[in-house]
Amino acid sequence: MIKRLGVLTSGGDAPGMNAAIRAVVLMANAHNIDVVGFRHGFNGLFEDDCQTLLPQHVQHIIQHGGTLLKSARCKALQLPGGPAQAADALHRHQLDALVIIGGDGSFRGALAIAEHYRGQIIGVPGTIDNDVDGTDYTIGFATAIDTALDAIDKIRDTADAFERIFLVELMGRHSGYIALSAGIAAGAEQIICPEFVQLTADNLKTVLSPIRHAQLLRGKSSYIMVVAENSYPGGTTALAQALSDELGVECRACILGHIQRGGSPVGADRILATKLGAFAVEQLVAGAHLMMAGELNQQAVLYPLDKTGDRAKQIDPYLVRWQQLIASD
Amino acid sequence: MIKRLGVLTSGGDAPGMNAAIRAVVLMANAHNIDVVGFRHGFNGLFEDDCQTLLPQHVQHIIQHGGTLLKSARCKALQLPGGPAQAADALHRHQLDALVIIGGDGSFRGALAIAEHYRGQIIGVPGTIDNDVDGTDYTIGFATAIDTALDAIDKIRDTADAFERIFLVELMGRHSGYIALSAGIAAGAEQIICPEFVQLTADNLKTVLSPIRHAQLLRGKSSYIMVVAENSYPGGTTALAQALSDELGVECRACILGHIQRGGSPVGADRILATKLGAFAVEQLVAGAHLMMAGELNQQAVLYPLDKTGDRAKQIDPYLVRWQQLIASD
Amino acid sequence: MIKRLGVLTSGGDAPGMNAAIRAVVLMANAHNIDVVGFRHGFNGLFEDDCQTLLPQHVQHIIQHGGTLLKSARCKALQLPGGPAQAADALHRHQLDALVIIGGDGSFRGALAIAEHYRGQIIGVPGTIDNDVDGTDYTIGFATAIDTALDAIDKIRDTADAFERIFLVELMGRHSGYIALSAGIAAGAEQIICPEFVQLTADNLKTVLSPIRHAQLLRGKSSYIMVVAENSYPGGTTALAQALSDELGVECRACILGHIQRGGSPVGADRILATKLGAFAVEQLVAGAHLMMAGELNQQAVLYPLDKTGDRAKQIDPYLVRWQQLIASD
Amino acid sequence: MIKRLGVLTSGGDAPGMNAAIRAVVLMANAHNIDVVGFRHGFNGLFEDDCQTLLPQHVQHIIQHGGTLLKSARCKALQLPGGPAQAADALHRHQLDALVIIGGDGSFRGALAIAEHYRGQIIGVPGTIDNDVDGTDYTIGFATAIDTALDAIDKIRDTADAFERIFLVELMGRHSGYIALSAGIAAGAEQIICPEFVQLTADNLKTVLSPIRHAQLLRGKSSYIMVVAENSYPGGTTALAQALSDELGVECRACILGHIQRGGSPVGADRILATKLGAFAVEQLVAGAHLMMAGELNQQAVLYPLDKTGDRAKQIDPYLVRWQQLIASD
């Protein structure tokens, strides 16, 4: 029986992490389970940096960006003996279970701890990148899309006013979820992401020909390319320079960067975070261990924690096809 | 073979209708199909109020609220002979198919026309109310949630500052989708919607007791009730008055109203609209008739147009249970 | 010499109050002055509800709506003996000065306390209504305008889509600052505020004729009237009904209400609050008493606290003339 | 007597340019003056790229970013004979006057044309940089501040969550108006702009010591530096790298870029644009020539067009002093 559980947020922070913490605390409270929050991700375990979390501590945090528990990557956990030390901390705090809110990197850390830990471990997928298997969406992804859209819509205004070509770099680590979704939603003329093409200085032609086509045939008033980070050697600024050189027209780069991690979470992220945080606690009570609480087809489900990084999740093929149809147009 | 199709937006307008029109036009263009847009819903058929829609007409409208084709309810279609007259207009314009973007009321109108029309008819679900069967979400619903949230978050600020009780009335016609989703996402202390309770002056107790409980036990700094429209005889203002009288504390009502229909669509609505608008045209080409293009489990699907109003779609039972757990807390 | 000062927020809350509290605390800290914050406006004095405010308490609150000190109206201060009792509390807390952030009603309360208080008193104008003399703008006004605009822009979307007439009621107590500014900024077809016309059921003609003119001559796609609260007996809903009856066209009312008090303050309000909060402390140090820290022509100035409610401040006559020109057009 | 006037937007686009165009057209219409809009700034004169602007063309554009007339820099005007050619175009179109909406660079172009033009010329200050003399604020500045704030608030979320140091680069060409205003409004820990310090690799100490001070003494959870563009050789990315090297802590750069030029204008910009656009036309009618329509102390005024680039306008010294006080804290 679970009497006491720990919770932490780990890895890159994402909008909705606070909402997930809140759901964990409220659901635990409904089951008369005490909650201890560790700060700065797994570091809180090593440094005994923690706080009791009562319902009043999570009041009115559902709408706040960031995470009240802070997030971080944790070097100590990577060291030999690190996972055992973390497990010791959990035992010392008499925690029957641990909830990790983060991405698949954080889940790998949790799996390492599990080898030494007598309690239960469950993950909740919190990352803007949506690159976690076992859930249709990760917490923070929907907000990151809308933050990106807000920026791209503004760039469209000025691009239209000046009839310019803009490259907008979005986050996503090694996946194109954010770029594809935001690009389609923004009506971007072109989207460059790893799933479409591996771009180098030598195969710029695939990128150039739709631009030339658009300029010649359609008299487009502006041209926006959404670029996933890590799509071009040297980055998006270098790509903009290369395109400017080829086209003889100024192409400007705009790097959104960490803005995409912040902001009040949108409704979809708040609801997903609430659902998965609550479900995680319920499933711990029911005995779940080494699982992730995900949502598939709008249904909360459990998914093996060690399979969340398999990269089996596919970008919506319909949207991929749509964009290729439009871009070639 | 489809050479020419008509498109119109009908019923209450919803954010994302423009994105759907754009997708219809771009996909039709890819299939070398001409598009005629009728204005003011079905009225455009009766009044010959229409325009050719080329790709350049839908450039950069994906981010705009409202609908460039205007929307309306249509009395002429309700009259005897109305549907036949509408079908005549479609024949006169040599349209092989018609795309209706709207809710299930608009789809009923389309079914009536279909009895006299030789071409194909397909529906695309556009309404903020999410009360259409055959699709997990309707176009506009996600934006309406976020518009409501933005307002409720602001009210939370002032409610907190003043320690007041607020009732926020949201739209939804006869369904509680918007109220439940926005209420949970806002962390509302109570949600009143038809699916939970049919409220009258005589059973106010179910509403009052959680308020009293919260005030006594939790020292809440503010108390927000999200109320679906049509939840109380006399409206939410009357309900606020009744609660004020019972509690001896001022309860204020805030009626969001039509704000929820406007605004730039969020990413989820732009993507859904793009997907369903494009899919509708592809399915017309493939022979679909009397169907709605919906999305179930992230997959674009066809659903019989005459079943979209069956009210078989259920509010997420997990969220219903969550809210009851929290509210009773 | 001031060693210790009190600060409170009083009356209707306004975005930027937190920014003003922060500036008071940071500037006091720079002068080695301790700060005590009273909660719930003047009530905090009567109930000894207060807290020491250090720089870390006001970290990262500049962007938050509401007020961390809570606001309230205070009945105890209105009672005979109330002001003397409040002064006693200030003496008991050994406060050399008091900063009141609020509107002219709160300043009247402060003047009453001053008759019994040996320390210095200074006011900082915080109210969305902009109805305080001695300052060009009050803290919160700019944010309230932009919140109203955001709502009216959304209503414009749906009004355009449906070709409807909408009445949008804005706050402002007995002044038309918000209505005029937001109305002009929204491009409202008509603005109704006390400064323009005292409307009754008998002189609806002045309102009706521009609507008829617009409908007949300009084929306007939508018609938005911005209405200051308290502009019509029975309220804006009653006015909408009266107009619907006269015009034979549905006119819908939208009451923005308390949404206008919330939200993250815009830049102009954060800067004004920072400037006036800091200036108030500097002027207390310099000996100011019974003054308000205001801003005139971008210059921080002192203004007699007992003259802030004289209603001498005028709505920009150029904008009044502009609107009359446009509306009659 | 003016029967016909031209209008164009020139230089970097700014939110509110559409609102200014609208005001020019509506006020001209009230004076029975025809309006011709030239596209792409002065280029429209050289390429005869223009359109008649009637009131219906400017309906509902007040809330839109960008400029419907497009903006651009114009090489043809810089060539020998360019100004005379532009004046010829104005004569050929029988224009009695020209309204230029732009910054002081555009006004210099206008002055060159004036030497060959028989009509009247007036400027309206439209640029986000606020670096035009003769007006307290330029059209677009307030919106750019709020766009920057929105981004910095989001970065604060993630900076807080991760306890990181962020550098946010804002626009402003060679002035620090945007950086100072946005930095203060965001509660930035440090602001770097030309008016404060001319930074090089050799005097990084002035920047480093407040960071070290803050880290040691205050345990700040995040540290945000707002940096005006052109503040450091090699740009803000290079500065971030230099600081990272010195501090041994990762400092991340975020370059907002052109996002700041886009977006729906805030109320202050819409009102300023409306006032100055209308005033410009009224003053042309009254005989003004070679003047700019500005606003000083909330009063519309005329200012000599050839003095708008004198760089005599000062950043608010009170705010400069405040930031130095806070940063040294």
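Going in written order, the chains are labelled A, B, C and D, and every chain counts its residues from 1.
One rule holds for everything that comes next: a contact is a pair of C-beta atoms (placed from the backbone, for glycine too) under 8 Å apart; a residue touches a chain by one contact, two chains touch by 3 or more.
Owing to the predicted nature of the structure, the values given are computational and were not obtained by experimental measurement.
Shared contact partners of chain A and chain D, listed by label: none present. Within the contact network of the assembly, the step distance from chain A to chain C comes to 2. Legend: contact pairs of A-D compared by residue number with B-C, C-D or A-B; the interface matching in over half of them is B-C.
Ranking every chain by how far its Cα centroid lies from the centroid of chain C, the top place goes to A.
Here the CA centre of chain B is 35 Å from the CA centre of chain C.
A separation of 28 Å divides the Cα centre of chain A from that of chain B.
Per-chain Cα centroids separate chain B from chain D by 40 Å. Among all residues of chain A, those that touch two or more other chains are 153, 156, 160, 221.
Taken as a contact graph, the chains are arranged in a single closed ring, with each chain touching exactly two others.
Chain A meets chain B in the complex at residues 22, 26-27, 29-30, 55-56, 59-60, 62-63, 136, 142, 145-146, 149, 153, 156, 160, 181-182, 184-187, 218, 220-222, 264, 266-268, 270-271, 274-275, 278-279, 297-298, 300, 316, 318-319, 322, 325-326, 329.
Put simply, chain A touches chain D in their complex at residues 9, 13, 15, 17, 40, 64-67, 70-72, 147, 151, 153-163, 166, 221, 252-255, 257-263.
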